[in-house]
């Protein structure tokens, strides 16, 4: 049975030997710890993700980072250099392709070859495992800013070994956040175990005096996720990582659309994560936040997309997110060209730099929303620990099984999939169907009331149609989805 | 009642559109068989044979659609359902590409209808009615 | 001597006869009042600027309007239609060229001819007087949304006659706001008189049951103008207009850069204008607000420009501006192409529609800033009335002469030009040199303190160099200008 | 001490850049004669004659620069100051145009230096020093 306990080093080493055999690049001598430690120690301070984040948080300016990855190494390097120079990115990613995410390294290899043949990337990301430590080292060597792997890989153990040994100083992911939105039938126990491994590796490097950053993936399905639910997942993954020895954690949140709720979410994310880390005795973990620009369906129009990017950047800055993941004007179409990607970055940069001295003033509306988020998160974490009989890892598995934690629109069979979210009258994300979600009655009543108010104004009933309308809304240029069909409305409206 | 197999092909986990397509098609009176995300060509074809389906609507969002859909028509023929209508939609290639060209590529692969990003599912229903002679 | 008094109708008619002789298009039969009234009465409700603004204010959604104008009639119409359809503009303008603004109709005519010859617009706007009522009518007839003349014309009497007779239902300008930023040596008495004429004409139409909108030009020089100063001008022009019988007024404000100050400005602009209108007994004037996207120097980069446009739109929506004047990604380069103009519009629209249900929550910071703006405006209006011995028109002329009201960076010799603005530590616009500005000691002390705090943090003295740095700042991607030269800084920094 | 005439030509009232140029040139040790906004060619030329100026720096922001600057070199020659250095900068044409072309047009009109939008005035000072042999 899974446990939230620092992995035994001998067990780790035994596993490690197996994992490095999963693909040929696992046998590189650069994966010997001695080599890897030297590589990491040679990374200058300003190319270390964890250290640059410490500076960023102190500066008050929200840093920017794109998504980016293509199949062929040289082109991947050229892409990242472009985003660094023309895009003015503060942090760089390597977005990993979907075959690698599913550990289908043979498919990925075919994709590389096909891409070379066709002269365009046939993969939706960079197949880091296939290129191995040697290839990954070339990437970071070519850059002046820190580099992170961003993926969505349930079992990222080999990938993680390779990227860190290559000097990439951050890794996105987590046992929940890289399972529920990214898989269908992989057990949570398995993915939590896989990610304990990844975290343990980072903990090991920490023991060697090397600070690496870890980032639980915040937005989950990116689609109408209430902040308390994504916060709960982020906090749990932070706690699980801290147990394995991780000292530098970035918790994330995807733009919801209502500015007050978004700022409340960013503030509580930092506050709650710190609170729970300390509650469980992890006193030396440095926490930063990341805001994801709108993660749901984008408008087809490029100008409108950039407008949305500008709005998102304003919210990130007002909420004092440490960094922000940017989108591009091509978002609704497909993986962006480097030019479109850089446009999204520069539009974002303009706003975050302009607003670096400013933040959202505190107000009753803001603190009410913050209180609500905190209560909800406390409910969910309490319930999780409770069913885990005090063990967080056991608790999570059970909580998902029972639907105490439930993520809207997730593909995973491990997720109950019973809750339905919808927006209230001013666009805050609320819940209309709770399933088994571990909210107390008082909180549920608040959500219900808010949605009934909307239903009344719109002259219709609270129903799944509201959820659907809200899923489409932003891509159609509004936040609160309007009833689409006449027959959906009450007579008296 | 016509039967439609839907799902998301390949290593693709984009679930939102799939859930909505299921909802809308059902509402419109179709018998919907949803193989869900992360489905192989075999998953689709198998479901179509089992339910004697009239059409297969393949979603591909993540960009590998071109690889994942290769030989799908041939595989249908081989499985004895060569006449089934094959639709594909979503973000079926990597990046923003000229859609006319993309459409040609997929039509050559034997798809009857090919849809650009952000297609309103209602538009496809009109085509279904036409193609299935409803 | 000038007086704030409704113009005598006979005097008006006498003047009118002279004015219509200023250029040949003044003799059109369509300028007969009977014709003009019929034309205006035939304008459907949704093409009437004043009426559409009433609806907009009730809706909570900030409407969008571009700047646009080219030399040749057919191209001007095509441009506006494009902005209406592709740009999704809610209101349309005809930006008038600079020769027409200076009443140089012969130059404008040459410009039209040159433009026809060259196949590109050699004028920076639409020469409405040269095209006359007939031409202007063609413009509005081709459109589905209300149309307004936007210019910067000290003496716009002939222009005003022509556009209203053609069915254009709004006119921007005012005796102060279209003089001080737009002229060098024209007397304020003269321009106030010219604009009393324009307002009287609108008042006359109001008496015929035709509601037209008037919009004092808010941003003035667009360069570090403290909100209280532009508010004072807007309120005075609203009062002067109301005296002539204008019933529908849009007061304006140009984005300053600090979000709280901007929202405070938008809220107080509405509140104060209504307050003063009622104080002076104008009880039936409908007031709306317009927010101008950043009016100072834009960044050269187009992506950054759109980022700035997205930020501006967020602020307008949070401040519940009734409408917003948009900029384009070409702003720093020149008059935008129709495509670039429409991009700016759509980026803006995305944001204002998404945020239509939201506004800035009230907070201590916001109300402190609102109180300050109100006190400052009260100071300035009190001083103006005082030197005018109770007559606002007389008062304005004197107040400018004495520098009691003073506008930074204005070209006009009627303006004292003694005040120097600069930003405080979080970007709010404050004043470092007051000249004769009629602020009381308490307020001045507040400004001083704020700027000294910035000086301390930046390790330099409060000086004109700060102002210069702030003028450049936004175009270089920051809000608060940083010291450019080392020698500018204190040793101990 | 070299003397420079500055100002904004035509019906143009953009005053901000003009004020800053005056400030910076003065700080850099030039004798600056500022004819201000809304100035005609004659205003510039007259000031240059009166002060025996070494260069004239014309600003045009509002877009009519091409019309307003026509025959300016010829008019200088006629007024007997044909050798004065003529610079022009700002947003000197209507709209975003290819700057190389714009530069050619103004060079043909006799301007020695032509500057694109948003030029840092410090860059022009370097040219001044070069052209005036400082």
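A, B, C and D label the chains in the order they appear, each numbered from 1.
Keep this in mind: contacts are C-beta pairs under 8 Å (C-beta built on N, C-alpha and C of every residue); 3 or more make two chains touch, one makes a residue touch a chain.
Just so you know, these numbers come straight off a predicted model, no measurement behind them.
If chain A is left out, touch-linked groups of the remaining chains read B | C, D. Centre-to-centre separation between chain C and chain D, using Cα means, comes to 29 Å.
Rounded to whole angstrom units, the spacing between the C-alpha centres of chain B and chain D is 65. In terms of their C-alpha centroids, the spacing between chain A and chain C amounts to 44 Å.
Counting only residues that touch two or more partner chains, chain C has none. Multi-chain contact residues of chain B (touching two or more other chains) are absent. Of all possible chain pairs, those that touch are A-B, A-C, C-D.
Of all residues in chain C, those touching chain D in their complex are 98-99, 101-102, 104, 107, 110-111, 114, 120-124, 152, 181-184, 221, 223, 296-297, 300, 330, 332-337, 340, 409-411, 464, 468, 471, 475.
Taken in their complex, chain B has these residues touching chain A: 10-16, 19-20, 23, 36-38, 62-64, 66-67, 91, 93-97, 117-118. The touching residues of chain A, counted against chain C in their complex, run 257-260, 299, 301-311, 313-315, 318, 342-351, 353-358, 361-366, 425-427, 474, 477-480.
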